[in-house]
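Down below is the structure, laid out as structure tokens.
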Amino acid sequence: MLATLVSIAAALALWELVSRAGLISEQDLPAMTTTWRELWSMMQTGDFWTAFGQTVRGWALGLGIATALAVPIGILLGSSDFAGRAFRVPIEFLRPIPSAALIPLLFLTLGTTLKSEVFLATFGAFWPLLVQTIYGVRDVDPVTLDTARSFGIGGFERLYRIKLPSAVPYIATGLRISSAVALILAFTAELFMGTPGLGQIMNVAESFGLTEQVYALALATGFLGLAIYVVFSAIERRALRWHPSQRVGQT
Amino acid sequence: MSRRTYQAAAVAAEIAVPVAILAAWQLWTAQADDPKFPRLSTILVEFREMWLFSQFGEHVVPSLERIGLGFGIALVLGIVLGIPLGLSRWGRVLAMPHIEWWRAMPPPALLPISIVLLHSIGNRQKVSFIAFFCLFPILLNTIDGVRGIDPALTETAKSYGVRGLERIGRIVFPAALPQIFAGMRTSLSLAVIMMVLTEYFSSTSGVGYVLLISKNTFQLTPMWAAIVLIGLLGYLLNLLLILVERRVLAWHRGWRAATAQ
Amino acid sequence: MSISAEHLLEIRNVAKTYGTGAKATQAIADASFAVDDREFVCVVGPSGCGKTTLLKCVGGLLRPTRGLVLLRGKPVTSPPEEMALVFQEYGRSLMPWASVRNNVLLPLRHKRLGRHERKELVEEALEAVGLTGFIDHYPWQLSGGMQQRVAIARALAYQPSILLMDEPFASVDAQTRGDLEDLVLRVREEFAVTILFVTHDIDESVYLADRVVVLTHAPTEVKEIIDVDLPFPRDQIATKELQEFTHLRGHVYRLIKREQAEPSEPLAAATTATKGDRA
């Protein structure tokens, strides 16, 4: 929509103005045009794309493994009342641990390798997806289940035909959240530990005082984040459209 | 299996599973004898020594202050901005591109920038960083909460001539509050994460700083004790918020229960 | 129908169209009638005939596309202070976070009144609807009928001269409905208010009204205005046993049925045997 473009253009213009006019020194805030130019020239180099690819790789592996673990486990814990209750406490305690706190541990055990990055991303992305899957499997209208049971539909088939489809929108929401978390953690590993990727070259640029590059990289990372968000939000909306579900209101 | 037997078994499992996990940790670390994975008992001892209370004032307090301030600023800004945006379609159209952009931006990518821009690695930078990223969940939830207000309520207000600030204070804000609390929960856990990130990246105090230092000096037991503390902090803060929410939104639970037909 | 010099409330050629161009729906084509002081006027019509739209126009919540609503000769452009509106969805128009007392207090807060005066108004209003013991309860703790009484109390405390009611008892069970109908009649007497009451319940409209305005189906116009000569005080049993009641009711029913133009249903012909068909 036109208003969206106007709004964005105005913000970019403001950035340019603030920097060029010296309201914030150009040392601290490179001008908008400068930053874009820097990004453009970085994009011509192979190094940039290598790093970009490495970040995407860390993200994808982290998200992928987290999904492969969280969905089956979530289905299990969601569909079995007993298992759900038995593991409730450990989950409640492990969930709030910020994955960032594990960085030093990973640094000392797995080192500054892809493995550390993937482990971190996986650990972080696992929990939201697990929780959403559990909610999704549980949030079936009990009337639907009772009806199925009265028709003699067995437990496994109930799971497969009723609970799983009902859980799909929740899993889609979980994926949206987890995809963002995985990116944050992959980047964090790179920034803090120096595992290869965009975060690592940003760290290097910062230590050399190359502010323009730092801003350009932030821009690039922002676009990556935006792309992921757009894709997974679209998936989520699709999943929600055909299913009249009640969402657990989280952003 | 009868209902009572099942219940008893479930409760037993609820207790047994965490205990078993802890016991397994203890046993495994004891036999592995790897300094990187100290025994649970060692960690707990270190935990008590460090945090209760020798380094409490030095590190835990600053961290809590940063979380508190950052979250507090995000809360106030989120609501003050969110309510008008929720009420104004034009406001939303203009603001949403920006909100979506910042919300999708991975926070650590802005860490170096926040230091450069604010010329600080002290509280100014930390609180700003935390507040900035904690703003968005609250802002978005406030907007949603305001937009979701029952039109019957707004029409009633209109028909009785309740306008302006009075309308916002007496109707819009309370009606949106349940949704705002949902945003608060997300923001609070985000605040803990941001605190760790920003302290670990560059700081001279705080729990995240302890984490960094213990890594640099290869002192693993304090590192584990810090990890446990961070987890505990997150858990307790969340619990606190839930208790506050229960009190403030007592009417909401009753209302939901009554209308859930 | 006599036209007096100035009516309290005049609806003059009101029309309301939603949307523009191809998607325009004309809810009301041309509605005209007047309401005098202390009158109880009921508005009935087939479903979907824009009764609510009309009431909202009268109440100043919607602007008519054409025509005017005049209150004491002056056009209504926004909700006038003299009017109070009671909606059908009582549950959703009450604030769930506030007690009954604070709900009733809401419209009074910005009127220039002392605290003591406000407190009295609230208590009087709640007494009039019989909810004094529930003043500190929360809406969700009350039954549907009670919630609607809170909404009515809120309207009363506001001390309006005109009460607009939009199918207020439609979502309430039949027995409670009878009690609420009698409550509204009492309220009209006690508080000397004028009432404009929209309903789809024909019996209710005849039972309550001094006059019944029958609407056509969309695009809506006023089909007929019927004087209701039944004696006061009305009684749920005695009044409804009167021949005149049955007759009036049948008349209204027939008008509406004709509007709905549905395949013939057995009309209440058997019950109108006495005075012959006045249609």
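Going by the order they are written in, the chains are A, B and C; count residues from 1 in each one.
Everything that follows uses one rule, which is that contacts are C-beta pairs under 8 Å (C-beta built on N, C-alpha and C of every residue); 3 or more make two chains touch, one makes a residue touch a chain.
Source: prediction; values computed, not measured.
Of all chains shown, B has the CA centroid lying nearest to the centroid of every protein CA atom. Set side by side, B-C and A-B show the greater C-beta contact count at A-B.
Chain centres computed from CA atoms place A at the largest separation from chain C. Remark: chain A and chain C have CA centroids separated by 54 Å (rounded to whole angstrom). Remark: chain B and chain C have CA centroids separated by 50 Å (rounded to whole angstrom). Averaged C-alpha coordinates put the centre of chain A at 17 Å from the centre of chain B.
By the touch criterion given at the top, residues 1, 3-4, 6-8, 11, 24, 28-29, 81-82, 85-90, 92-94, 96-105, 107-109, 180, 183-184, 187-188, 191-192, 198-199, 202-203, 206, 211, 214-215, 217-218, 221-222, 225-226, 228-229, 249-251 of chain A touch chain B in their complex.
Considering their complex, residues 59-61, 79, 81, 83-85, 87, 89, 91-93, 95-98, 106-107, 109-110, 138-141, 158 of chain C touch chain B.
The touching residues of chain B, when paired with chain A in their complex, are 6, 9-10, 13-14, 16-18, 21, 36, 90, 93-98, 100-101, 103-113, 116-117, 119, 136-137, 140-141, 144, 179, 182-183, 185-186, 189, 192-193, 196-197, 200-201, 208, 211-212, 214-215, 218, 220, 223-224, 226-227, 230-231, 234-235, 238.
By the touch criterion stated above, chain B contacts chain C in their complex at residues 150, 152-153, 155-162, 166, 170-171, 174-175, 177, 251-252, 254-255, 257-259.
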